[in-house]
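Shared chain: chain A. Partners: chain B in the first complex, chain C in the second.
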Partner chain A sequence: MTAISDAATAIPAPAVTVRRQTNSGRIAMTLAIVALVAVAVMPWWASTGTIRMILELCCYIAVAQMWNLLAGYAGLVSVGQQAFMGAAGYALFVLAQTFGINPFLAVLLSLIVPAVLAVPLYFLLHRLDGPYFSIGTWVVAEVFRLVASNLPLVNSGAGMSLRVMSQYSAFERNVAMSLLCAFMLLVTLGGSYWLLRSRFGLALIAMRDNPVAAASQGVDVSRLRFLVYVAAAVGCGLAGAVYFMAQLRINPPSAFDPMWANVAIFIVMIGGIGSIEGVLIGSLIFFIADRWFGEYGATYFVVLGLMTLLVALYARTGIWGLLSRRFDAPWFPFRRFLVDPNR
Partner chain B sequence: MDKNVLLEVRGVSKSFGAVRVLHEVSFDVNRGEVLGILGPNGAGKTTLFNMISGDLKVSGGEIHLAGRALRGEPPFRRCKMGIGRTYQIPRPYSGMTTFENLLVAAAFGGGRSEKESYAFCAAVLRECELADKANRQAGALTLLDRKRLELARALASDPKLLLLDEIAGGLTDDESKALVGLVRRIRDRGVTIVWIEHVLHALLAVADRLMVLNFGERIAEGPPAEVIALPEVQRVYMGIEA
Partner chain C sequence: MQWFDALVQGILLGGMYAQYALGMALMFGVMRIVNISHGDLVILLSLIGISMATAWGLGPLAVLAILVPLGLFMGWLLQKAVLNKVVGSDPLPSLIATFGLSIALQNLMLQIWSANSRSLPGGGIESRSVDIGGIYIGLLPVIVLVVAIALTWGLDLMLKKTRFGRALRAAAADVEAAAMTGINPRAVYALATAVAVGILGFAAVFQSLRSTVAPADGAAQLIYAFEAVIIGGMGSVWGAFIGSMVLGISQGIGFRIDPGFGVLAGHLVFLIVLATRPQGLFGKA
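Here is the complex of A and B:
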């Protein structure tokens, strides 16, 4: 320690405190816990159809939040996260169907696959800058799809079915799917929030705002980007495993569907990049739009695309950005407000 | 090597393609010293800082900090080794508050725990006259406050060597006097300072030594009064024909 710190500590201990929670945050946290419990106990209040719908919404939220971490904080604009969703989905089917491992245990085991794949992929991809990185991630997802289409282990292009699930009753399956959904939200949203509030949250936001300055202030930007990439791969893998477990079917085009990247980008751009609130808002908007207007097919996608374009041009911070400019009421506050009586 | 030398720059060169920005510049900075760097725009001053802080790689030559070669060390590790810097064009974390900006430097560069950083950063903010803007969004600060934030944030990383890149530009006389007082206090605590500055009277009030760069070469170095009086410096820097 240098003389600066000695001088600072020589000043009679100032009773400096830091305030972190806000009223809006307390209310939102209570609602979030209620919602999480409601998801976990879905079989006792919702029909199988509703559970399927909510499961889909949970997958959107999880994938969008992972994309938000990647693009919103680490500056890694990936359009190929479906690679990890498909990889984990296939891992689940192989473990449960081919090797006879308990499917619910297999969901967790399948997460090893995206984690292991993400490491060498990052070392290949991180040399690419900006748009080249994006194209690289897309190519990787396409390669995964082609490999799956030609790999006898996963039944090549014909795909696989999760027949082992028929040994469980519909109710048992619903209970498992509901618990998995709650777990997925806890890990992806709760985990992100915990990360943002931690010491590493400081580094993440600093990296988002100015990576050059962050590096000159002691933040290991390249390691942080790597860790975010691996974490996002695992998070997307979890969403993939849960989604395809509910589908009971997987084949290369569905497993590595680029639609997931589009959905994640739409949700985060509309909701507000770099915020958890934005992901929730964007996911709800997409979910509702998909229910109501999905039947219009191509026209519906054109409208979604135009909306994303308009937001990108005129409201870069998305809906949450517009809201938070007007009302200072974060749902997931991670700010550190200094209360310094000595000033 | 001399134990008293903190920063040793040996024959450092930098070229961007065919453009030569710095050519074999050498100098030492002693512990506890304030070295002022003068030079017209484009002389290579900021490039020199970028190579010391690791933002740019050297094309040739060596830089040592306290006897340790810096070659191959990334910027974040150089910060942890004790190099703190400000940017000429401020680079705040605009989405964070002023206080949080300092916390990043204290927690990562300074290696403190988050809790320890709180009181320390509050003290640095008071010292740099930013205490009343602690919870203000850094992106909404005025240019003057952003420059103060650059300095405060560099201090929060607890540097042994502080690189100041034009922090006095645009200040009023009173503000620049206050800044000189602050730089002196930092120096008095044993922090070694290298200061690039166009505001000559501010620099002359603190610098123990001056170095003048022109077109990427060192053209003079020594006690401030002597360096300023050199005919070549007068011609190059102040446009006075001797």
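Here is the complex of A and C:
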């Protein structure tokens, strides 16, 4: 022990500073803030149709980022996040329509439901190994759908309408939807970025690279996984509440639609798993492809499925992985660089 | 009597589920892979069988004789072209690859066969039943159960007695050690997946005889197979069979309580098993 401490005192630690931001990061952050403000003030520059389209895009981004957090960092490959979207959506409809709570307050209150449901579900599902966890999450989403189809409180299989929204003017609704979209992006993307730059971020990245080695370094892997699962449930719940508030209608097949799992997996795998940049790239590609090729229906989905298959086989890091191998210009940097100011 | 009837019907339904679950148990036991397109492959084989039966006027036995070799070939191809590239300790690539394949297959089938439900004409066998002390038992479900027992027994025997079975179990226990003793894991994997999908050839014929199939039905079959494997306990062939029985009985009794409750009852029994006995009824702790 003495030898080590002697050596440590003999050679003074070089005075380094930790650099955590890059030029590309500063530019991207500026653009992100501009985009966020633009989304928040949509009613003053966009038509109702555009607002609805951007709302859909924001929901894709939010759900995909939550899936990215689960699969890309925590190693929890869920194909049943629609369970939480539907649960929060239904909670919103029950609170606002049945109990007469202000719908905009109800959006926030409805997030309690996915958070509370995620806790016991995690303790059930984490017993399932790797791939079985995935199908387990799917079973849970199916259970939610079947329960909703048989539950008189939510009008069983017939579904519910959000008639209380008619007391607000179209402009008021657009303002609320735009603010909710901006809030959703801030929470899911901004929150993830903040999380990845914090101490938890270091632990998450260590866990992504090797859970066993991370645990040996003192990272509480199981606790972190639990927290990520609950956080992703709440994030997906927010997306679900906002999406169904804009739809004004909810029924069991739409609330617990496995389509959301397909979309999240496609976006993250094509864009690049384990990065926020990948989610943005993938969301934009999916959004544009959906607009252009959506009319081809089944053929379009055959191509999406085959692309997902090919990415899993040959390019697991997705588009962002290929880009960042050539250009070191992260939009959302969270690495720490040690810089010697004397050099 | 009504409940005894539900129990009997549930056991017969379980025979159908066992035919899906065996292949999944085999693949997970050997490779730790779950093939998300498992259910879609059953539907694909069923639709091919139905089309052949209507085009050439084939009977169910002739369709079976074509679909089982076709299933073996499809499984071998799936392993060679896709799964051998993603097998490994990380479950993500295999999941994503088979997930993409599942979406592509479902929509491809939708293009070729449209969303309509179809079934295989069985020449009257599907509607014949025997009356045993006031309970009507369909002949076809009994055949399904007998075939399921025979398949389970045959698969178990193959794993225990044959050279290929020993190679499979060795590769499942420790793939590197098995490779050192001269087993080629990729060849073993290809055969295992071929057998797993070959069994689905039986499932495809019986599924399309006893009810209808449509391109979107695959997801439900995947979930039932998965639940049966987990209830029974992973890695055991007879466990998967018993798990299928438990699932079938739960659904049978659930349907008798309320028609909207049948499938949900199966899911709930699965969650109860998961909460109280996560290693499955026959798994080792």
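Throughout what follows, the second predicted complex is superposed on the first by the 325 of 343 C-alpha atoms of A that agree within 3 Å, B and C clash if a C-alpha of one lies under 4 Å from a C-alpha of the other, contacts with A are read in each partner's own complex, and residues count from 1 in each chain.
Going forward, a contact is a pair of C-beta atoms (placed from the backbone, for glycine too) under 8 Å apart; a residue touches a chain by one contact, two chains touch by 3 or more.
If you're wondering where the values come from, they're calculated on a predicted model, not measured in any experiment.
Look at A:Val302: by the touch rule set out above, it reaches chain C but stays clear of chain B.
In the overlay built on the shared chain, the residue A:Gln217 is in contact with chain B alone; chain C does not reach it. In the superposed model, A:Leu313 lies in contact with chain C only, and not with chain B. Of the two partner chains placed by the overlay, only chain C lies in contact with A:Asn262; chain B stays clear of it.
In the superposed model, A:Arg197 makes contact with neither chain B nor chain C.
Look at A:Gly136: by the touch rule set out above, it reaches chain C but stays clear of chain B. On chain A, the positions that touch chain B within their shared complex are 1-9, 11, 13-14, 16-18, 199, 202-203, 205-206, 208-210, 212-222, 274, 335-338, 340, 342-343. Residues 53-55, 74-80, 82, 85, 87, 91-97, 99-101, 103-105, 107-111, 113-114, 118-126, 131-132, 134-135, 153, 155, 157-160, 186, 189-191 of chain B touch chain A in their complex. Against chain A, in their complex, chain C makes its touches with residues 28, 32-34, 36, 82, 85-86, 91-97, 99-108, 110-111, 219, 222-223, 226-227, 230, 234, 258, 260-261, 263-264, 267-268, 270-271, 274-275, 278.
Of all the residues in chain A, the ones that touch chain C in their complex are 71, 75, 77, 79, 124-125, 127-132, 134-136, 138-140, 142-143, 146-147, 149-150, 258, 262, 265, 269, 273, 297-299, 301-313, 316.
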